[in-house]
């Protein structure tokens, strides 16, 4: 067994950058370029984004997903307002309070969802309660979802549209944390426009880092009126690069020749191969539908022990109610090969 | 005249990255690496920083100088406290309120200084006034200086130590915005330790982007007690990269084999060449001592007109009191050559 | 039936001020007095507070409970930290995000508790989870409880001490929202010292408005090191009255001759009379132990209908799981008489 | 000399409350009243305010001027925006950073003005500079003035209208800190409408505490669209009283039967008597026009010494450039009598 077959399944952020992204950096390095986004790479990215989304958009590159999410929410939620999200969503539990920081104290209100997907009725009930409390309660302003979700599931277009319609009917906006947007779109087989504004998304955090960029995400704003504010908020938070060309060039390469989709399809395909292989093992079963590049799977205790003994990395995960076997999370990446997956499967079977 | 001789003197942030930095990124890209700073590149950087500064330090890489400054100030100044800085300092006028954002509203109080260098007596007077106001006034907490300053001057070690001693005697800490720290150290000919904590600096924003990095700065904390807090504040602000190796590798390359000093010496030398050449022209005179890589120079009106006609870029600058000729700022970079400078000088003389 | 017997049971904050409090205001009005707390009334209050709590304390009068809670939390929780509280606690649901505002975005994490009382094990589990998440999760800093609780129950001294011990063992502090502190102490029959710092409370929001003041609460700080910071935070938030004597005089009167306890005992006694009377009605039963001046009671639907028809005010309340009858909240006040209570009981029986 | 003639001239906030205000509190205390502003006293105040200002307004009572100013600014300035004010204005130097706190870090930019009155040209220049800086500079949003000013002067209606017109032409709003609004209106002899919205004021901090209230100010909003936001911000900051009737009743009494104007006229008249008396003394001269109830006066050194020896209180004040004699500030109050003033004058002459 070579070292390549002992590939780590801990997360998609332990991969490096795709070669096309590194090449784009080298290309962008030639000569001087105006700073703070007045460079031709950024201008080109803006055109690319509008073609991709089939409409005028504001696109604001930043280096991290936390920055993208927190900045996006800061233009949607005033300090005395509320953001509804999944109770275990990334913005709720994994960003050290970034949304609260950027919004000057807006409140995230977590809603439960077995498979990570919020339902329109939950929003309706939560908003009704909040509004019944009058001035004493933070005011409903935003629904924020992850696509793909924290549990590896993907909102279907209809479910997304229904959620957006409910949010809008109540006067709320819809933010999509698309850290794994590419994996979701690859799964859905739809256009980026269908996956976002056509379904009612108001602001998208467009992820690239987990899917091949070095450090690049973007806030994509479908309502041009919010774009001006983001320019200042980005600068004020230290997320405007002086040599912005190096952010924009990453994203430009990412969106060129479908690199983003090709990478995501590879990660998704490896996840499917992994799921199929593990499902064939006695006692292994998915505890969430596998719809992107993350598996949440219950395993007989011997299996994770064998995998760890063989040098494989992955996270133990909280088991859902009623599940007695240990649950683990396995994440695949754009740069994994069938041999990487097969290596893990072989180790899992080795006992 | 080739395109190389029409080099732009607008700022040092229009240059690209040094080849050693790009090579380091490519090198760091091999294989997987633990995310969020648990990678070997970050560990190596921490060792390098401690060798460089000759003592234990906390080092926190981020992508921008605004982030470095604002994060540094956020651990030194509580929301009801005051930061004294130059009235035209970068944190005061060029960061869209980032220090106020990160510190939850601490107040920057600007002090005048003809050459950009604050004096101990100014601090003493300002603190005495603030404290006479009791609970009604924000409380003095920090002195923040730029080294090199906004006016291209450099604090001497003795002046720095005197300022730090005054700050400390009053219970304040000293932050150094070192966006051009390398240029200052190159000028001073001292060690990084002498230029910082040995003279009394408590926290340093260590710049690299203007001097050859793609996007990399670091907060260097000389008091380990403040380091834990910074970990959380960096994450919370979205400045912790998931693929942190790509930040750390830039800084590691920057600090290896004196790349930082070699680059700064080149920029400084080009500034000296430029200053000498312009000083020889009738009616041209520096309005600030030229001590790093920025010139502030008064010129007969025909000169800037000629330079612009020849395609040179640079900023007009507010003239100091009593100066009637136009003043411009010219900035040199690590990647400029004597030919670049001579090209500008020829154009200046061409009339 | 006179209008006095149709007394409103909606809340204890619909009552006016006790005559002793109004008299104290009139008394304090004589002559000039130094502003912003340098007056003799404030000095006297500080002595009174130290006698009452049997130790040095910092006492900071403010006009509202929301201000007291939010200011107290702002000195205990840094922006990247977490406050554990009851999932339906006042600070969580009724203050429009004030704790988040004052703490610059610290996160409130709600824990469930059937009777409103948090358990030490809950804190231990929540902190263990948070710390397992490293830099990605807000850091545990504070446990905040209400005494009496939101559900009208009262922590016993042993339960309080156990909770405080757990918090302190984990490095957290304990804040007590004492909007109804007097009712709790009256119930417990202990000293204020026993009810607070001797059991491990670090900061108390001492309520007076619901119990007879016009508008007066106080933050009582048992750790003198935190007092200086509060002076500035109170001023900065606009809660330092220029004519501070009018806040201090209210509290001084409140704490003089046991007015606070006498008022609370009256309210508690009226609640007991009310509970006893309602419990005698077929189908009425308390859904929470009645330990202060609030009743949460399930009633046959005809009863609340009759009460409302008779002009009585009170809130419907969410029923606990498994309760099918409507639940209402009835609150008694310091200025209620047996006739007030008997009037409601008569109306309840009238069918 | 009786104690009445040794009246303190330190500030108008050392006076007590007017008897009409205390009577209103006692009157409001009868019976229960709905909490949080749903009481008849608050409703009556809203009607009174609309009559006084001759148009629909939002009026939001709070207990302090700092709260009124900071809340008002928080709805006018977003976190990345700028507020222009006098360099020594109350919001700049005397509120411990309250505007920065409430606005989540908006920046106050101080402009000099010899007599405390900002000029339209200053606004135009400052805004032009800020806008030339692009995304790097906080964005101009608000002009905030004090009326009467910090220097005891009063903007004439024409000067006010010119300033407002300039602000509006540039897209900025105008906030008036009316801590001494009554003194200014009494001086101007105009209507409240003429003194505010008819001249272009967008939001007024209406002071009452310095002029006879116990603790009561109000934010008066002339643009109804901003009112909803203020409801939540006031609650969130802990400035919504549960027994709101006690704030509203103070203001209602204040605005009834011209109490506010009668009180202010008395204070202004006493200031005129004081100014006339002191001006007659050799070597005494006003260093600011005396237009409300504050005198800034240069005195031969023996005079303040004599006054202090006689037991009079007042502040030394920074002398304007070129003034070599000591300068003091003397403030008169609504409850001062000619005998109070004459006592000071006699003591001043006593040498």
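Just so it is clear, A, B, C and D label the chains in written order, and each chain counts residues from 1 on its own.
By our rule, contacts are C-beta pairs under 8 Å (C-beta built on N, C-alpha and C of every residue); 3 or more make two chains touch, one makes a residue touch a chain.
No experiment lies behind these values; they were computed from the predicted model shown.
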item	value
Pair exhibiting more inter-chain C-beta contacts, C-D or B-C	C-D
Greatest separation from chain C - chain, by CA centre	B
Interchain centroid distance [CA atoms averaged], chain B/chain C, Å	51
Cα-centroid distance, chain B relative to chain D, in whole angstrom	42
For chain C paired with chain D, centre-to-centre distance based on mean C-alpha positions, whole Å	35
Residues within chain D bordering two or more other chains	79-80, 95-97, 101, 104-105, 135-136, 138, 232, 235-236, 240
Contacting residues of chain B [partner chain A, same complex]	7-8, 10-11, 13-17, 22, 25-26, 28-35, 62-68, 70-71, 95-98, 101, 209-210, 214-215, 232, 235-243, 246-247
Chain C partner contacts - residues on chain A that touch it in the complex	79-80, 93-97, 100-101, 103-108, 133, 135-138
Complex contacts: residues of chain C adjacent to chain B	36, 78-80, 104-105, 135-136, 138-139, 229, 231-236, 240
